[in-house]
Amino acid sequence: MDLQGILEDIVTHVAPLCRQGEVASYIPSLGVVSPDNFGICVATADGAIYGAGDWRKPFSIQSISKVFSLALVMSYDYDSIWKRVFREPSGTPFNSMIQLEADRGIPRNPFINAGALVVTDRLLTLTGDAAGAVRGLLRQEAGNPSIDVDAEVAASEADHGHRNAAMAHLLASYGNLENPVEDVLANYFAQCALELCCEDLAKAALFLARDGVSAGGSPFLQPSQSKRVNAVMLTCGTYDAAGEFAYRVGLPGKSGVGGGIVAVVPGRCVVTVWGPSLGPNGNSVAGMAALDEFTAKTGWSIF
Amino acid sequence: MDLQGILEDIVTHVAPLCRQGEVASYIPSLGVVSPDNFGICVATADGAIYGAGDWRKPFSIQSISKVFSLALVMSYDYDSIWKRVFREPSGTPFNSMIQLEADRGIPRNPFINAGALVVTDRLLTLTGDAAGAVRGLLRQEAGNPSIDVDAEVAASEADHGHRNAAMAHLLASYGNLENPVEDVLANYFAQCALELCCEDLAKAALFLARDGVSAGGSPFLQPSQSKRVNAVMLTCGTYDAAGEFAYRVGLPGKSGVGGGIVAVVPGRCVVTVWGPSLGPNGNSVAGMAALDEFTAKTGWSIF
Amino acid sequence: MDLQGILEDIVTHVAPLCRQGEVASYIPSLGVVSPDNFGICVATADGAIYGAGDWRKPFSIQSISKVFSLALVMSYDYDSIWKRVFREPSGTPFNSMIQLEADRGIPRNPFINAGALVVTDRLLTLTGDAAGAVRGLLRQEAGNPSIDVDAEVAASEADHGHRNAAMAHLLASYGNLENPVEDVLANYFAQCALELCCEDLAKAALFLARDGVSAGGSPFLQPSQSKRVNAVMLTCGTYDAAGEFAYRVGLPGKSGVGGGIVAVVPGRCVVTVWGPSLGPNGNSVAGMAALDEFTAKTGWSIF
Amino acid sequence: MDLQGILEDIVTHVAPLCRQGEVASYIPSLGVVSPDNFGICVATADGAIYGAGDWRKPFSIQSISKVFSLALVMSYDYDSIWKRVFREPSGTPFNSMIQLEADRGIPRNPFINAGALVVTDRLLTLTGDAAGAVRGLLRQEAGNPSIDVDAEVAASEADHGHRNAAMAHLLASYGNLENPVEDVLANYFAQCALELCCEDLAKAALFLARDGVSAGGSPFLQPSQSKRVNAVMLTCGTYDAAGEFAYRVGLPGKSGVGGGIVAVVPGRCVVTVWGPSLGPNGNSVAGMAALDEFTAKTGWSIF
């Protein structure tokens, strides 16, 4: 199969979709990114890299960082995190606060914001620097020591972060934070403001296609843990469109409001896409179409 | 791999779990089934059958019938059903009615009761006899013409079916039923009261492991449709435990309150288990443990 | 005070409002009523009657009938009904079904539909003919033996009553109906389809301004019961606008989708208004304005 | 009527109830108050004062302060506050956050915490010192310049105030706060920590029984405003027991978790009670029983 050809075709085909939807603008730094950017990259389990379009331009990974903070916490602490967060799909966003109240402060899964705050809190306890730990993992796996937090984006998140602050205080009111609200928020905003390009991101997530084996060849996660991170991505990784994503794309995936999506073909490869303009569910319109075409053409689906 | 040996080991290991949880008793006919029953069967894509325990004893398939009614509707009518039902995980059961109101009568997915009523309604329109169509499909795929509805169970469901009647009237109030409420309910109760053993059920669902190819070798579903039924099973198939099931078992699956579960290993096989006693989420306790052990021992997971 | 003059002024002032809002049209028989109708009547505790506009034209009392069915049940059975229905305001209509589920089948108050179905069910058990009992009370108190059910409206309600049927089945699923769903619904639709004019209705409700004393001078309710029906009307009588009604009008009141409203000035009088066009909360626009002006001009408020 | 005798009887009768329920203990300073305290006071519109039990012992007024902050805001600014907060009963506490989300940041009424934060925010804008303005009003109306904030209680509220902080950040995320979250919370915690005895509180609230006329004889509120504060108290003043309170007591009232309740008999008097032990709805058990007996014996009810 000519993967490089497939990626180049996809870039051509999705170009007209780049202006559908809207670029996230709740913080100014995100809103200025041009919707015409589009990149795609495939990193295979045996080390090959393919890319097309803007695949080497860095973007704000936002919620995609939640995959790495979860993996880090699991790497330290096999599965004790599941006492503090469930791993069930969340239903509509509308339900997030009511669910948190009904479940006495236990978030529905680690990929909604409430759950990610709990994971970051745990990572902060384990490492003393949660955002730093995520950055360190990304640098090491991508082999790129220049990966860093965009401080302006992080500050901007903090300035506009009343909703995350509300969630963190609600978690604290149920005793489900180990660190001060302010520290958890600062680490959370920083990890979300990490900047990577499609290539870095595909390399960094490759352990999920290799049963947990890191870039250096040593086990970062156990095989069962790696499968489980993929399972949580499939059921909970794309906000309220997890069912749609499984139906159309058929792969575990995690999206971010920066327009990036990472998808895993277990045993084979990681695919990353980036297109800043988002559909109603907060997922990249061009990115979703690209993954749809990619799985249709390669026949790679877990189903 | 000695599949037969694995199944026999599993029967031994899960025996002590058969009395954990509770047998569904909301209708008398289900409540009298002994919790000590346990069966497991594997039907492979190339035609082999393995079984252990009570794998040839029929049981009430209940919600597992929803997989077949959905497949039938898709076989007639590629994907027009998705205008009338979403395919997203539902969150807590608590949310089902509020969701239906918030979404103006469009159920969250075809495997919660509201969604299954819509699918049965559509199948009734397409065939004139929805329960008969499901029965016909099961007989044909399992090669067992004696498969039938347990009329006593169906009548009992109707007598105790106020909650389903409420749901059907609510759907009707939003114009999302094409047939009279009474007819839809009668067909729904009948399809849920179909009786099959683990062997029949594994054979009947095998098309989902064979990209839609039926027992007779002809395409029943298109490959993309088969993958999509699996995707919906993975994200929505086990009530409010879809995330847990994906995490622990790692396969698309569908459970019923009769204690049966069907799980699909795409390209390889279908596994069916039956243990009447249910955990808090309505899934067979012994059955979940059996599937957990099965995937751990075979290493068969989609992740 | 010249009550007659006040009423005539009100009729003049509210005329321009009669075309604001919309006449209820979920059943055809209601939809054909002209929005230009407007009537107002005051029946005083000492027997005087004042009226203006279309105060002698009958209309469908709809939910106003719930006041009389509640009073009847209380007259038989001091307060045992409160084991089966709460008496708290309901919050948004959106919450009605979720509340019923959260509270295991106990409706929030007797004036939302779910609660009114429970009251009608109880009255049916107590009398064998709930709608007949309500009709009998209205005829006797109004002194008008021609008061009757509009059979076409009742039949029309039944034809369009999927939502009430859903609610009744949900109540039945929790064991909170004593009679068959069909019988409760038939009685409920009949009592809602009773037709009275403003004069009849003011006379019929006058016992609520006279500490429970009936038109004939005998006690129909105990004084504490009469006060309590008024209290429930104040907190729960006008759908999701109870706070607004208390704030603007300052009297216990109950509205119906036929455009009628009955309001009680304890110790003094009953005021009834009728204007078919409804605002967003389901209350008569002209009627609300009329009551607002009435209380402003008379200074009669319970606060 | 011998009011003094009635109050003394009530003190005797409710004594056995003082140990029912539980003293609020979410902050240490409240938890140490003895449940055996009980006081009652009546201040009449013509200036007489009656009291019994611990009616001169100060207690933390907590949510009762919300009546005064609302009255102050209305005194400055006739009714512009109603653009930022509704005045409808709230339904179950469970609904408070979901309601705030559904209504895009507009709280359901000024007496739930979210609404009271908005009122305090507005008062802070109007006066520069919201807690000081409430304290000033209470001192002036009660004629007691020693009324003050219990600084330890206020600090304790802040330490345990994650839930109120969550609510304030959520309001801010919808743009419904004019001042910084920290400032609004500090003023809110301070006003709740004001300490008054039953006598002070009855005098301070007397303007609500006198159509808005202050202790000094000048109009503090317009008569229509005073009636409206009473209306909001009746429909929303006692958490999720507003219907129960209207049914049993039949008066506008406002309770606090310190165990105090203030009730208004328009035109006649204000009654205040204090008993620290709370029932499941957060209202004083002994206080509710006392008001029940008071209205039964005096026959004073608005219905």
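Letters A, B, C and D name the chains as they come in the text, with residue numbers starting at 1 for each one.
Everything that follows uses one rule, which is that a contact is a pair of C-beta atoms (placed from the backbone, for glycine too) under 8 Å apart; a residue touches a chain by one contact, two chains touch by 3 or more.
The structure presented is a predicted model; accordingly, all values stated were derived computationally and were not measured.
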item: Minimum number of chain-to-chain touching steps separating subunit A from subunit D; value: 1
item: Any chain that touches subunit D and subunit C; value: none
item: Longest centre-to-centre distance from subunit C, chain (CA-based); value: A
item: Distance from the mean Cα position of subunit B to that of subunit A, given in whole angstrom; value: 32
item: Interchain centroid distance [CA atoms averaged], subunit B/subunit D, Å; value: 55
item: Whole-Å separation of chain centres (CA-atom averages), subunit B against subunit C; value: 47
item: Junction residues of subunit A, two or more chains touched; value: 94, 102
item: Arrangement of touching chains [line / ring / star / complete / other]; value: ring
item: Chain pairs that touch, as defined at the top of this document; value: A-B, A-D, B-C, C-D
item: Of all residues in subunit B, those that touch subunit C in their complex; value: 94-95, 97-98, 101-102, 162-163, 165-170, 172-173, 181
item: In the complex with subunit C, residue positions of subunit D that touch it; value: 86-92, 94-95, 99, 102, 108-109, 226-228, 230-232, 234-236, 240-244, 246-247, 250, 252, 266, 301-303
